[in-house]
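One structure is given below, represented as structure tokens, and several questions about it will come after.
As written, the chain order gives the labels A, B, C and D, with residue 1 at the start of each chain.
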Amino acid sequence: MKMTKLAALAAATMLAGMPAAWAEGVKVGMITTLSGGGAGLGIDARDGFMLAVKLAGRDDLDVVIEDDQRKPEIAVQLADKMIQSEKVDVLTGIIWSNLAMAVVPAAVAQGKFYLSVNAAPSALAGKGCNPNYFSVSYQNDNLHEAAGAYLAKAGFKKPFILAPNYPAGKDSLTGMKRFYTGELAGEVYTKLGQTDYAAEIAQIRASGADSVFFFLPGGMGISFMKQYADSGVNLPVVGPAFSFDQGILGAVGQAALGVKNTSQWSKDIDNAANKAFVDGFQAEYGRLPSLYAAQGFDTANLLISAMNKADVKDADAFRAALKEADFPSVRGKFSFASNNHPIQDIYVREVVMEGDVITNKIVDTAMTDHANAYVDACKM
Amino acid sequence: MNRETIINLLIALGLIAVPLWAIWADEPFIITLATKVAILALAGVGLNIALGLGGLVSFGHAAFFGIGGYAMGILASHAQNYTPMMEWPLLIEGTKSMPVIWLVAVLASALAALLIGVLSLRTSGVYFIMITLAFGQMLYYFAISWPAYGGEDGLSIYVRNGFPGLNTLDPAQFLALCYAVLFVVLFLSSRLAKSAFGLALSGARQNEDRLRTVGIEPFRLRLVAFVISGAVTGLAGALYADLNRFVSPTMFSWHMSGEIMVFVILGGVARLFGPVAGAALFIVMEHLLGGISEYWQVFLGLTLLGVVLFARGGLIGTLAGRKVTHD
Amino acid sequence: MTDPVLVTHDICKSFGALQASRDISLDLRPGEIHALIGPNGAGKSTLIKQIAGGLRPDRGTVQFLGRDVTALDTAARARMGLARTFQISALAMEYTVLQNAVLGALGARGGVFRFFGNVLKDNDLRSAAEAALDRVGLSDQAGTVTGELSHGQRRLLEVAVALTLRPKAFLMDEPMAGLGADGSKRLTGFLDGLRDEAPILLVEHDMDAVFALADRISVLVYGQIIATGTAAEIRENPEVRKAYLGEEDQ
Amino acid sequence: MSALLLIEQILNGLQSGVMLFLMAAGLTLVFGVMGLINLAHGSLYMVGAFAAAGAAAATGSFVVALVAALAAAAAAGALIEMLVIRRLYERDHLDQVLATFALILILSEGTRWLFGSFPLYLDVPDWLSGSVTLPGGIQYPLYRLAIIVVGLAVAAGLFGLISRTRLGIRIRAGEADREMIAALGVDISKLYTMVFALGAALAGLAGALVGAIQSVQVGMGEPVLILAFVVIVIGGIGSIKGAFIGALLVGLTETLGGVLLPQLFGLFMDPSAATTVGASLASMAIYILMAVVLIWRPSGLFGVRA
């Protein structure tokens, strides 16, 4: 791979003349979205991560946190700052794929470890994979694939599918169609940031579909669900967890009840680590944890497990320790595929009312020990 | 020497002294910040030609900034993937050479400015502000939904492009290069302001009737100014892409247009060093406030508001007093 | 007699129901000062705008130097040598007096698209500008910012800028306005000598100046020229007396 | 596409156009009367939505929520006008743009400070939920019909206000000549505060109405703000009638463009490319519309030549 060679050259040149980094312990740079519209996700990931650090009581783990404002250019500059000035060993925290694409290749080329708490674009899983890059969350396509698998398994014959017109949206529909190969009632790309879905809902109504699959992260999904629920179209809805996560459910309200969504985590997964996490999170922050918080929590625990086995200065040993994934994941089973993305079960959750709180409950398993479609494309 | 000249000299000295200190104190990130200041200042210098001299309040300069950025991204990505951009009717290959990229960035953004200018300059006042904004948004949405070069994900360039005789991977050398470009453009822009063209352009801003009455049609002047302005901002875009080794549609967003405008106004409209002072102040604030509070943008907003309401003429206007136009 | 420099032929212009110009035909001959007078709202400014190129007449033509210029814009007419001064000073107020004059000289010479050299150090432009300033007596104010000039000085600067254009004809819209007795007198003297250089179409309210200067006078009332003639003829004209006395009645 | 679906989509375009009008009306009034560009108008939309969500959570009543939205946005508008905006009337557009840009930062992050980083809940009330069957068999959400009705009623009220009442006469006089209105003995600064608060209240109302079917979150006003600018530029700045026509044009273009363009390209391209190209073009459609209008009429459809 020519790219990697060039990148290594760049790294060598950039590192030349830098003094020896942090002498002991591990310094982590967390770049995440803490201001603006998407701040909720970053805050959850940060809180989950810091909770794990606190519960582990590690004072040799130093975390520097910066706000990327959801702007890729800012994220790049913060990464430069973390690497050049803070001299961190490990980077983490990025929520959005486009920001990850901006930061990760350069960071790993400079010999840093990158542990993803969320974003895991296909470009970094296949051709652009790197031994120093680990995704602790999933590969971006996973939840969509699981939704496709679930639709096929549940016997739907004619889903209508929609996603925003940007790369992650196209990956989503591609991923869904990888495991649902039947007929589609329609396939629509909406404008990124669109808030009114009346036109699409009318198309759904007219299309003769028997179900709806959508991927509309953030406010887009909230708008869609509210409008859909009010439209009188009563087709079953399936989607990835993003629009039905704890942070967002409150805003969608009852419109979300009954929706099936795919997720690799849920707060009712029955294991000790998850119970400690859910209780600890509620005690610490006074709210229910979200998927992003769970991913942040697992990321920190993965890092701590590697710290227990190897010195971060010994990159090969540390990398091997990370790859073992010898930590108690809140998801239960967890291991890395050869391209450093998780092999895990993906569940089907249903949105339910628990007391007066709207939340999710696992109703099925969509895929077992699922890895991703890019394993073979990754040569490292 | 008048006060503004002294202030300009102090700013220039500061620009050079801070990175020298950073090298001595081993604070490499300060060098990155200084590079960012220089590049954004350059974008502001570009806008200032339209805004300060010509009175053309463009709310769409992110269009040129983004085009410059994508000129770099597209050329360099073809070079790094060893795929030609075009094979027929003639073979065009990508490149990793900064001078070539700069030339393409300047030409492409100048051409865009020509097209946007021809249409926009038919309007004036608020309509001009809004139509330039609309063109910027048009390109923004185009960049997001155009899949060939990454769409919203943008394009990563793994290694910074090269400049003959320099190691651009060394932050200090890249900074020196950006400074050199900035100072050359500042020099040219100071000449421009005093030239026949500058006299007429600024005259058109002050009184359009006067200009027509002496036989000069303002439209062509403004169009040329808009093209020069767009080209300089496009050059800044190419450098910014190289600083980040990354381009994305956010370079086209209206926030970017707003920020470039903020640099100019914060520093002082139509002041030679206004954009430099403005960009430096803005980035220092962003850097310092960002460390204090999660809600730092509130304080940034309050500071900007304070400058507009109470420090008219921006930083340099406040320090140097009234503008002196004669020699 | 030589051909007139400037001719309007049956110009008509209306704004909605208001007819601001009705079949106006007048001419400006070499060497003369032709004054245009009329009560407020008679349509003098509208007529001047149509002659200068700021407004297109609904009907009729404007000829300058024997050429039909009706379709040309202000800048093109200015380049042909039609120099105009404004009722309300139209100057670049942030510029110095010298810069304003150099701007005029630049317009006359052409070569606006020069981006590098210092325009104030261009000897041709500077000497043309300084000569014009000298003629109106503003040389000692060359470095003053125009916005700081007195009202009268601005009027003089307008005239100076017009001079830098080396015009074939002047259009002057109330150059005496706000000048005061002394200033009016001086400007009157100056314009008196100017007519040999290029004829002047003079819109003016100051009747002393008009009667002192004008070779011919046209009277515009309600968008129509009701009389044209020498000062003496106009004084005797009953219609003119009626129009002006009518105004005084109000 | 069937005729029924097309009619339904036209209704959708109408609905989004009517909401855009509520936003654009305030923007264009403020510009027409005070000559001010207000970039922070979208923040007032957001303030309305947040106030409505807060009030609905506290009382459970949608009507109270709407009243709260109107009151909060009007109060915020009046406050902003008195503290900041009135210092900007005599300034050029540049200072106005910068100052109101700063206001966006303050209001957005301030709101996040108060309400947290997660979207808030605001839903359609029970008595307006569900859909009704229109003549011809079109199923259409009741709430959206209600929005169209409210929007048209507000538009009618606004026309009445401007053309019939004393406030309207003063507003029109203020547009024509500021000195004249001052000479008439009207307290001009009070008038300006009222106009600004009125515009803010309309934006707040739009925020609350739309918030119930969209997402109440920080930054929700910015896309709408840009659209509202497109609307008033197309309609002619300062013209309420222009804002109305412009809003409907933009609403219809955006809705129908998103539906029809991909189908149009589908006629001669393969489906997935058609979807991509169509969707890309649709997202640029209103800006293209605006550019075309301005090239044809540089002061918008109903603008007065500056």
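FYI, a residue touches a chain if its C-beta (ideal position, glycine included) is under 8 Å from a C-beta of that chain, and two chains touch if they have at least 3 such contacts.
What you see is a predicted model; the values in this text were computed from it and never measured.
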**OP:** Name the chain whose C-alpha centroid is most distant from the C-alpha centroid of subunit C.
**Re:** A
Original post:
Which integer distance in Å separates the CA centroid of subunit C from that of subunit D?
Top reply: 49
Original post:
Whole-Å distance, subunit B centre to subunit D centre, using C-alpha means?
Top reply: 32
Original post:
Could you state the distance in Å from the CA-based centre of subunit A to that of subunit C?
Top reply: 74
**OP:** Report the inter-chain centroid distance for subunit B and subunit C in whole angstrom, where each centroid is the mean of the CA atoms.
**Re:** 43
**OP:** Enumerate the residues of subunit C that touch no fewer than two other chains.
**Re:** none
**OP:** Return the residues of subunit D touching two or more other chains; collapse runs of consecutive numbers into ranges.
**Re:** 108-109, 112, 276, 279-280, 283
**OP:** At least two other chains touched by the same residue of subunit B: list those residues.
**Re:** 141, 144-145, 147, 295-297
Subject >> Those chain pairs that satisfy the touch definition >> reply: A-B, A-D, B-C, B-D
Subject >> subunit B residues touching subunit C - in the complex, by the definition given at the top >> reply: 188, 191-192, 194-200, 202-203, 206-207, 209-217, 221, 224, 323, 325-327
Subject >> Of subunit D, residues touching subunit B in the complex >> reply: 31, 37, 84, 87-88, 91, 93-95, 97-99, 101-106, 108-110, 112-113, 226, 229-230, 233, 237, 276, 279-280, 283-284, 287-288, 290-291, 294-295, 298-300, 303, 306
Original post:
Which subunit A residues qualify as touching subunit D in the complex?
Top reply: 35-37, 39-40, 43, 165, 187-193, 195-196, 198-200, 202-203, 205-206, 218-220, 222-223, 226-227, 230-232, 247-248, 250-255
**OP:** Please give the residue numbers of subunit C that touch subunit B in the complex, ascending.
**Re:** 52-54, 73-76, 78-79, 83-84, 86, 90-96, 98-100, 102-104, 106-108, 111-120, 122, 125, 143, 145, 161, 164-165
Subject >> Residues on subunit D engaged by subunit A in the complex (per definition of touch) >> reply: 1-2, 4-5, 8-9, 12, 15-16, 108-109, 112, 116-121, 123-124, 129-131, 139, 141, 143-144, 210, 212-220, 223, 255-256, 258-259, 262, 271-272, 275-276, 279-280, 282-283
